[in-house]
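What follows is a set of structures to go through.
Both complexes below contain subunit A, partnered by subunit B and then by subunit C.
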Partner chain A sequence: MTDILRSWIGGALPDWLIVLIAYLLVTIIVLFYAVGNFILMVWAERRVVARMQDRLGPNRVGPAGLLQPIADAVKMFTKEDIVPRSADRWVHLLAPIVSLAPVAMMLAVVPWGRGWEPIDLHVALLYIVAVSAVSGVGLMMAGWGSNNKFALLGAMRAVAQLVSYEIPAVTALLTVVVLAGGMSLLGLPYLQAGVPLMGATILCGDPAGCSPLLYTTITSFPGSANEPVQALDLGLGWWVFTPVGLLGFIVFFIAALAEGERTPFDIPEADSEIVAGYMTEYSGMKFATFYIAQYILNFALSALAATAFLGGWQGPGVAALANMGGPWVHVAAALSGFYLLAKIWILFFVMIWLRGAFPRLRVDQLMDFAWKLLLPLALVNIVSASLMVGLTQWTGAQWGGLISLDGFAPWQRQLIAILVTAIINIAATYWILSINQRPTQEEWDEELVIAP
Partner chain B sequence: MNTLITILFVIFAALILTSAIMTVTVRNIVHAALWLISSFFGVGALYLLMEAEFLGVAQVLIYVGAVSILILFAIMLTRDLEGSQNRQLTPRWWIALIVPAALFGLLIVPTVMTHAWQLPPPPLAGQPPAISGAQQIGTAFMREYLLPFEVAAILLLVAMIGAIVIAFEERERRRRVLTLAEQVRLRQQQQQPAPRPEPAATAIQASEATGSET
Partner chain C sequence: MTTDIQTETTEAQTTRGRVYVIDRSRPRLRVGQGLLTGLDVVFRHFRDALTRKLEKPSQQTGVFTVQYPEERLKLPEAFRNFPILLYDDETGQELCTSCFQCQRICPPQVIHMTQARDPSTGKPVPAVAEFLIEYDACMSCGLCAEVCPFDAIKMDHEFEYSTDVHGGLTINKEALNRPISYYEKIAPTFWAEVKDSAMKKLQGNMKRRPELIGVAPQMVEKIRAKRAEAAATAPATADAASADKAARPAAAARARSAEKTAEAAPEPATDSAPADKAARLAAIRAANVAKKTDEGAAETVAPAGDSAPADKAARLAAIRAANVAKKTDEGAAETVAPAGDSAPADKAARLAAIRAANVAKKTDEGAAETVAPAGDSAPTDKAARLAAIRAANAAKKAAANEGAPAAASADVAPAPSAPEGEPDVSSTPPAAEAADPTIEVAPPTSSMPSDKAARLAAIRTANAAKKAAAQSDGSEE
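Here is the complex of A and B:
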């Protein structure tokens, strides 16, 4: 974006102003993209849940109810803004802003398509985790500032859930850091090129005879000492197809459900227990701000899960179009943007589906689930990921002479690594699940109480 | 670019100082915690200004995301938040002012005097500027500073185990609510003429007594 602006109006304005304008433009585009998706997500959620519950859902405003969000927005804007008399006025006002701002900041580092990257941050994964933790402060402010018991209870539940599910989520993301060898999000889709399961390890035998539609030159190919190689690339070498990526994706997606307060984990706003949690005392646009924050958080977490495990914008045809050069690069960019959006929407549909299918967990079940199941699985997965990297990329010298795989072709090493990690992951998953399903031993005398 | 960075530095410095002063002067403890958070943010922004991305992000993650949320948790569960009758100054406030100021001066004066400061740091000649620093920090922790790193890790582990030991109530007996089927079975047993006093019935009466207490 900066370069385009420089070529257009480079002479007329000082350089720092051009940089500033470019950043502002990108920010506006990304925010509009997210809010447009938010509007569609609200509509889709209401319609799909209605379909699952054998209802109709909103279908009056516009074709199939598509304009319902606009009617909702008009209602939200014209609603009276009520602040309880005993509330802390400033904290009550700032809370929705503090919870929305970090969520919007998460969108800045996601690569939305091939070459559509707002900011290249070297610590992007850590940045997303850090920024999403900040929104907990906003929830706390809402809960305390409302001066309402239910709001405070909801805020406590929300923050406890956020803090404890951050640990499995971050541990699952660590596998991605190990596999990618860095915390940048931009490189992740490039690393997930190739074919399912094997990744970009099926090399071209004859450099002259390989069609650029099927084979891509990959410079950061693991294990090749940074020589550019020609590898078979269908854009499907997503990490979710490998055992390590599959386990990591499952753990991360469940933790993301809890962080986004989606239904099996919607304890903080359990409306049958504590009204609406921390949002109890909010009305009008302040309530809508919380609502937007929640949906954009779901959107951003889906985008992160898609980028980290589902290949991001990678898909069949993107690399082929990009290799054709010329104007086709822009077509490839548009196609890759569509792929990422499709993946985000599929993940969001799974979220809606879970909402239609599962009841709410109890608080103790929630904590047990995080600490006894997700965290051990994620820890085992880190070991598997390290083995995967070691088996596919390390030379015999790096192993210290322990194992030497130097004589094998890349695809053979990849196959060995997949076998080893699959055995480890399946065994560990089976073992941890069986431990968790074992009935607790009676370690103490029980005193029996009749339910009141 | 340098003037822009200087302006940003002044803005962030003013933010940090204002927030810090508000933190210690505001009477409401929750407000003090919120001002503290804004001060932490300012420090994170200063790190980013020095192109230490990793440190800046870690500052936000640890201080804003974890420490201040714990502080807020602890404060919100206490009473008397307004603290209208709490004193803000002790009689010997000037000692409390002098000692930290002297210690801070001992640290800061030699550092400022002996180091040439520049924002942003000039890139080393012949090398691309090291932007993230995450890899350098990781290498340093795993090689040169391995012992302090491990000692800090063990300290944190001990603190965590201690917290669990303190919080975990030692229970000899656990109370369990009967399921519906067990209740029905017990009621049937009670309705039948009992040949001898059943232990189950006494247990239930005892538990009913304790249940009404709680």
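Here is the complex of A and C:
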């Protein structure tokens, strides 16, 4: 963006102003993108959940009810802004802002398409983890500032849930860090090129005979000594197709549900128990701000999950179009942007689907699930990811002569790594699930025997 | 994902006591299997809701939403919201007769009505002048429709009545009126059940409604135009009142002609006037009987009741007398069933006539004279009744004695002179004269307003009959 502006109005304005304008423009575009998606998400959630419940959902305002969010917004804007007399006015006022701002900041580092990166941050994953934790402060402010017992209970639950689920979420993301060899999100889609399961390991034997539509230049995994190679690329080498990526994705997605307060984990705003949780004392636009924060958080987490495990903007045809050069690069960028959006929406549909299907967990079940199931699985997965990297990229010297796979072709090494990690992950999953299994009826009966 | 619902209950002894174990024969779920089953169920609902509507109760998936203003469920016939009034489609006549039953039964007392009155006489007419229902306070109980004897008030299916006009839900008669065809459309079987009786009652009530009273307000212009058209095509048709008057002399004239010539009575004119049907009918039948009797001396007089619109008694008596006369073979039968003058419920007269008729039926001899004296303007004329009974008894006895010239003579209580001197008075003297000479004839006490004479005459007749019976007994011995 900065370069484009420079080429247009380079001479007329000082360089710092051009940079400032460029960043402002990008910010505005990203925020509009997010808010537009938020509006559509509100509509889609209501419509989809309605169909799951054999209803129609909002269909009166605009075609198929598409303008319903606009009508809702008008309602929200015109509602009275109520601040309880005993509330802490400033904390009460700032809480929605504090919860929305970090969520919006998460959007800055996500690569929205091929070449559509707002900011190239080398510690993007760390940044996301750090910033998303700040929104917990906003929730606590809302609960505390409202001076309402339900609000406080909701805030306590929300913060407990956020803190608990950040650990499996971050641990699952560590898998990606291990696989990618860095924390940048920008490189992740490039690394997930290739074909399912095998990734970019099927190399072109004869560089002259390989069509640029099927084979692209892969710079392999960062940190490895491998030279750039021509590999078969269908844009489907997503990590979710490997055992490591699959387990990591499942753990991360479940944790993301909890962080985004989606339905099996919507304990903080359990309306049947504590009114509306920390939002109880909010009305009008302040309430809407919380609502926006929640949906944009879901949007951002879906984008993160898609980027980290589902290949991001990677998809069939993107690489081929980009290889054709010229204006096709922009087409490739548009197609890649569409792929990411489609993945985000599929994930969002799954969220709605889960909401339509499952009841709410209890707080103790929530904690059990996080600490006794997700965290061990994520830890095992880090071991698997490390083995995967070692088996596919390390040389014999790096192994210290223990294992030498130098003689194998990349696809053979990939197969070995997949087999090893699959065995580890399946065994670990089975074991962790079985030790978390509810006791059998006989065991229950034994426990319940009352001594005479 | 169908689960076997075959259950097996077993009794088991546990450390916590005896319990019943219900085996739902469901396999033990693997980890996450329950979650996936739930997701599967929800997804099937989602998929089917996109493609189809829920139509049968057995169907488990599909959209069940009815998009109300555009789509509507078919209301059951028995659905009820607010009451409406019915009127006949053709004549425009309302079924309501202002009987006040609905107003009385209405629990929230929201029904109000005033009865219509004949503008010329000021008398109440079986029609309603104004009818108000406060829909805003109506509780839709339907008791008014239940209680209505004329099926004039029915419960409507319309339920969209919200308004911003204060008092806009106090509905007057014009707004309450619906044609019968409308009700037939919303509740066909209910209307079919009551249709016949309701229409019959309406026909009866229409006769008592002068002019356009009782016509639904929205139909008044139409009906007026219709009537004007009818009047243009049939100019001879006079209005109701004059036609009524004209009918009576006609009936009398017919009776007279029958008496003189024993010929067929002239065909009854079917004028459109709501005339006294009863009188007409009786006259016609009497005439027919007279036709059949061979001897010319048969006198059949069925004078029409004067200005008594529902003189059932007179009608009945006349009919029965006619029947009796038909059966008597001999020609000297005199059947006189004078109608009580302006006594609308003269039970006595009716009874007497009936019994006299019965007696006459039994008497085989031709000289039987059966005259049922009608009490003159005395609604409970005991004496007359008594006399009649005695006469009847005597006649019975006489009948029992075969061979003897049994004579059940009843005296003739002529119909008192009608105010205008109608021709039916003139028909009575011949009835007395034509009697057989062997029979005692009580002198006619005509034109005596008091009923004493009638009573006396009856007593004498009875005595005479008794004597005759005794004589016949003696002669046999």
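Definition applied: the second predicted complex is superposed on the first by the 432 of 452 C-alpha atoms of A that agree within 3 Å, B and C clash if a C-alpha of one lies under 4 Å from a C-alpha of the other, contacts with A are read in each partner's own complex, and residues count from 1 in each chain.
Basically, a residue touches a chain if its C-beta (ideal position, glycine included) is under 8 Å from a C-beta of that chain, and two chains touch if they have at least 3 such contacts.
Because the structure is a prediction, the values reported are computed rather than measured.
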Which superposed partner A:V159 touches (first subunit B, second subunit C, both, neither): first
Partner chain in contact with A:A357 - subunit B first, subunit C second, else both or neither: second
Which superposed partner A:M367 touches (first subunit B, second subunit C, both, neither): neither
In the superposition, subunit B vs subunit C on subunit A residues touched: B
Touching partner for A:V329 - first (subunit B), second (subunit C), both, neither: neither
Subunit B versus subunit C as contact partner of A:Q437, first or second or both or neither: second
Partner chain in contact with A:V48 - subunit B first, subunit C second, else both or neither: second
First (subunit B), second (subunit C), both or neither touched by A:I167: neither
Subunit B versus subunit C as contact partner of A:H122, first or second or both or neither: first
Partner chain(s) touched by A:W16 [first = subunit B, second = subunit C, both, neither]: first
Subunit C-contacting residues of subunit A that also contact subunit B: 445, 448-450
Residue ranges of subunit B in contact with subunit A within the complex: 1, 4, 30-31, 34, 37, 53-54, 57-58, 60-61, 64-66, 68-69, 72-73, 76, 131-132, 134, 171-178, 182-183, 203-204, 207-208, 210-211
Contacting residues of subunit C [partner subunit A, same complex]: 14-16, 31, 35, 38-39, 41-43, 45-46, 49-50, 54, 61-65, 67
Subunit B partner contacts - residues on subunit A that touch it in the complex: 16, 88, 91, 121-123, 126-127, 129-131, 133-134, 136-137, 140-141, 143-144, 152, 156, 159, 163, 166, 183, 444-452
Subunit A residues touching subunit C - in the complex, by the definition given at the top: 48, 50-56, 353-354, 356-358, 433, 437, 445, 448-450
